[in-house]
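Note that the chains are named A, B, C, D, E and F in the order they appear, and that numbering of residues resets to 1 at the start of each chain.
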């Protein structure tokens, strides 16, 4: 049993059914405040941090705006400016906060090292980079491109996560560890996808146009995988760690290796469970693939 | 057509022929100021940033010195100290600024996501890390090694780009995305090279001496490629993403895989176009290499 | 001969025999102060930095606490708070400082680019991240988990090194370059291990429990290697750069490739020298492995 | 003719009659943006500052909130927190912004050294301290006293202007130079008052209760004047520089000296113009008072 | 009744008799933490500040060291350095903390605007400047003069309170408002003294040697009073606001005016209560002095 | 004998005769570096500060530019911008540095509490404010008024010294303690003047035009003196502390009191030594003036 379970046993990770988005967010936000309150009491050295980032705020989007503004600011892009920008953008589109809620639940459910929602909100660079990306993407779609690119650059500097503001990303996304993730301009990512660190969704050269991967729903992409070009990774596919993928991968199949091949072969690829992006099963294909090698 | 083309349609990416280095720099600097001026007018939230980093400066090297000084400073290495150091080093060697100009043109020409020169100057961590490296390298050659290493360390912290100050790097270089690039002490990189993120030009052990790769002109090195040891990558060679290269690669050939092999085989390697470092063609070898696999 | 040798010719890298831990630390600290003093005199621009980080402090742990406090602070986690935390934790457990001493000696001995102990202390993000990890780990074992995780997050942001605070790490460790290293919650690393950048010691899914690699003493793990699952890498094993390892590797053997295989084959793996983690020999297996390929 | 007249000749200092408060504020805000725009064009070194503090904002209260947040923040009271607090308080009470408008007009009309509205908005510590006081006073009336006192303390540190948050201050106030002004808890200040630097409106001991001066409309208080106790300074009175006033001063009379006496004597005090707080006539009483002395 | 009484009705301002210094400090520190806890609960916006400055610390001297370190730091004198300096100096001499306790009680007892001990600890620049002075004075007596003078300079910049580190100051001191106080090198101040803002205890020229005032126990010095030269202000004397005093003032008499004269005349000075420094009665002499004037 | 004499016995305060301005500056700069070197060796805690502000710089103007840039910067006016501005302005007019040299010698000679030149350079807010004023004045004369006023405002915030950038100030000026000094737009100050804290050279109302005092050479103005209007204070005059002066004071006479009168009377003013601004004799007139009063 992971350590965190002991700390916050009462929480329910999946949102109860039949809730409106607002109710769902309110329940989660209350849980986050409860966690932060408990941690602040147990650890006075951290209380100031928990109050400034969570407990002094009236909503998840205000907390996120504050936290991102302070994380991403620099001497030439002030925290007040960024805070304002995040606040206003979150206010302009409720989907942004709903996606953050889904991402928090994704991390809490899928990552056994995630001990609480507040842990993810405060500390997961993948979560934070993704929320900053959503705001940058919103700015991009509003033709505020220089501002979107400045934000993109700050996220790349601060979190070492480089997501082009034009990239389209679904919700329920887990960027686990996240360092070194690179996602190109015309990439598209579905819902409930899990992407490990050092993953590249890259282009194929200097030609402009649609040139980056399209990732289906429920896909799991292992650490260090490189997917290049306008290829399609089907719903529920699994890409092994360190793989280099240059062509399409069918739904619910597993591709591994450099260059990647389908487990089970191209003709008879082995199908697996529906949603590896949620089950996070990285290695069940080991027996077929690598065991005989070492 | 990439978005950026619409924004700055009038620019000429390649420098007009028959210009002196000074004229070339002046033309580029004017274009950068024009871009920043337009963006500042369109986006008041960004205007302060654009004025402080670009529009208040009288030359590219002053702008760069300011921007790098503010990006790389810390509470123990003040921005004023770094600014001074950059200004003085740029002033001491005009080649540094000429190389920056060539790098800006390289990014603008080769990277379809680069919408303007100012975009690169402000936001590309690969560009900024490379310019900071050139200054650190200059300090290294002047036997100011502790200072060069302190600068090296700041670049590695801030940009996650780790280039040893002794490494020799040509001009017209594109470090695309750049996160995770590691280049060792005795590495040498030619002109017009393009290097993607997570690329390692590494050593071979604890023996000192000449132990890092030598990269020819016009080489393209794909994301995540690892090249180890004092090996020679010939002019115009192409290294596939995720490849692990431990021995020499002949000019104008393509090496892919882990361990890397030559496309077309060792005996009859397939030659390709002259300068993949400029054409940025990452994946034209797919049909030969990986298509049959998945 | 590497450049650094000329600068500090008199030092002895291995600690003289028959010294107590305190004497050993005192000797090393004196050497570090000597190096810093020399550098401050030679380079006035760096003197302020050297005085604030090294020369104004009375011991290695105070210097480290100050340096880490200033590197890892943010606008919401103040340097004074972190400084206090580091000071108190170092004071509570002398093993932490002894491990730092062993790590400094490891870097100085194994990395030919490491020109002095002070170079490592000031500039090596791998060294600094490891010391911060040891403190976070101590907090973790004291059930101060939210604080440990906050520190973990700062290290991941600032150094792009992501070591879960529960991971157990021995001493005499060299994290060389270090960018992108990810080490999971139940990973264990022995003594005298060398780990290059972009190395992942990852888990195998969303199941909690013991799910990360166990690395023996004296192991060398090359750049970009990915080791997944609760596998055992035997003492003195060597993992090639870019390898993806999913199952156990016997002691004193070499595993390379994606998926990794043993050099010499599974039945007759080639044994090598005792401690590649110390010899840092990355590439002696090239002739067997990759030469015939390109 | 003062220098400023040449710079901004077109402005009208008094607000045109028959304007609503909102129209008046809009006209002033437009004028401020016009001034800032002109200055930014003439002085690129200042443009970044002018954009961040004025030109990037959509209203006077947003600009003020930003400017005060950045001026008054500290490492333990973050600019984002203060910015939020100012924004929300200005939004909660339109009188706060109307008073700021009246104060700006007061400075521009009465102080010949005030060359533009933006000059006052950006640079006058008396203006800025007064606006911060109004917000602190609002918090005080909402029983948010610890927060009001924290703000009070920051204003006293940053501007050396110490106004207790309980003090009641009218509008159209000019605190000229302002350094060293001290105003106690139960002080009340009317409208259209001008107060020079080093002025004290102080109490009379450790008894609590109503113990500070009551200043009528249109009063002028010269530099260094000290008024102590629950005394009444009548409408249109004038207090000479350096005076020490311990008892009531009748309307439209002048008190000078230490201890203060009425010019013309207690029985026949010389009456003067209606509103010295607006005319700023400090010294017309010289011929009666001090000429014969030196 | 002052506002603060309602907030913290249970406190006892004077320390209970028969307590050791340590017990007294512990009681006060507990009361301060209680106040801060209550305020943090009532005002989430301030909670982070209260936790970082008070509630996360284990003792008054640690809290003070943290708060002063953060208030007085600059980009060239880091908060960590100052924090260390304060911590070590407080630890070296328990009298420093005992004097801080006495000063806190003095402010709480004498100043009706002081609503709580934590209010004074956090917000009173006079209190904070005085504690920083005590540390600077300690350094001065240890012949660490350049450091003492650097601290002196920071206090003068940040609080506009200029106390030479050689000046000797008793305990139970209230510097009320404090802005503009200047106290020279050879000044001596007794116990239980109250000094208002803008008070000068100055020298008499460029001759060195003992050249500043000596202030007895229980003295009250009104706002803006200037006392120059090696003169003696007797125990329990009272100096009126705005007075200029150039010669000795006998015990328990009142001097007022510029130049100062004794109330009641030089031959028959009016004696008053024992300790105006504690009673803070600024103006009871009004009827004798100034009433007849206006 | 003042403390400082023992510390730096070898220095010569007055510049040796027959030196060029450059030689004089070079001698002083060497002495300052010698002092800082000695202090850095004796006090490691201060060494970082001394290296960054003095020892790492090649000239007095570079050191001053760095120190002022760091003291006066804010989150919206960056240190790099101010550093640049100071550097360029000092470079444009050698008189600025010559005046700084004269001011340093003035402080060292006249103020017995000034223990070294470096003490003044680092710590005297009056000295620093005056040098920043000279730069602001230069900008003012170049019609860069908004920038001059922004600098003026920063000096008023940081040092509580408010000198209008149009005011003309000679050289060899000592602003002793300096807090609260206010000098208006059309004020003129001669050479070798000493001005204590809280001194006002103020205007006379809202009329523009020439409305501030003209201070002759060698004048001494005591603490808290207020001089208002376009009055002339003759060469070598002395203004007593706390005086309020509204009309001309003849050369070499002393004015005291509120309102000020001439010592010796208007008809037979007592003449005194030539240059009280240099002798700093504040109180020799006591016997005539105030002794008989108390």
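Methods note: a contact is a pair of C-beta atoms (placed from the backbone, for glycine too) under 8 Å apart; a residue touches a chain by one contact, two chains touch by 3 or more.
Everything numeric in this text was worked out from a predicted model, so none of it was measured.
> Which chain is most remote from chain C in terms of Cα centres?
It is D whose centre lies farthest from that of chain C.
> What pair in B-D, C-F or D-E shares over half of its contact pairs, by residue number, with D-F?
Selected from B-D, C-F or D-E as the counterpart of D-F: D-E.
> Averaging only over C-alpha atoms, locate the centres of chain E and chain F and give their separation in whole Å.
28
> Between chain A and chain D, what is the gap in Å from one C-alpha centre to the other?
One centre to the other, that is 51 Å.
> Nearest whole angstrom, what separates the Cα centre of chain B from the Cα centre of chain E?
Using C-alpha averages as centres, the distance is 59 Å.
> Find every residue in chain E that makes contact with two or more other chains and list them.
Where chain E meets two or more other chains at a single residue, that happens at 45, 48-49, 52, 56, 70, 75-76, 78-79, 81, 84, 160, 179-180, 198, 224, 242-243, 257-258.
> Report the topology of the inter-chain touch graph, choosing from line, ring, star, complete and other.
Topology of the interface graph: complete, with all chain pairs in contact.
> Across the complex, what residues on chain B touch chain D?
Spelled out, the residues of chain B in touch with chain D are 40, 44-45, 47-49, 51-52, 55-56.
> Using the touch rule from the top, collect the residues of chain D that touch chain A in their complex.
Residues in contact with chain A: 48, 52, 56, 66, 69-70, 76, 78-81, 83-84.
> Going by the contact rule set out above, which residues of chain E touch chain B in the complex?
75-76, 78
> Can you check the complex and tell me which residues of chain D touch chain F?
Its residues touching chain F are 1-3, 5, 7, 39, 42-43, 45-46, 48-50, 52-53, 67, 70-71, 73, 79, 109-113, 115, 119, 122-125, 158-160, 177, 179-180, 196-198, 222-224, 240-243, 256-258, 279-284, 286, 289-294.
> Could you list, by residue number, the parts of chain A that touch chain B in their complex?
It comes out as residues 74-77, 81, 84-85, 144-147, 149-150, 152-153, 156-157, 160, 162, 164, 166, 179-180, 182, 184-185, 198, 200, 202-209, 211, 224, 226, 228-229, 242-249, 255, 257-262, 266.
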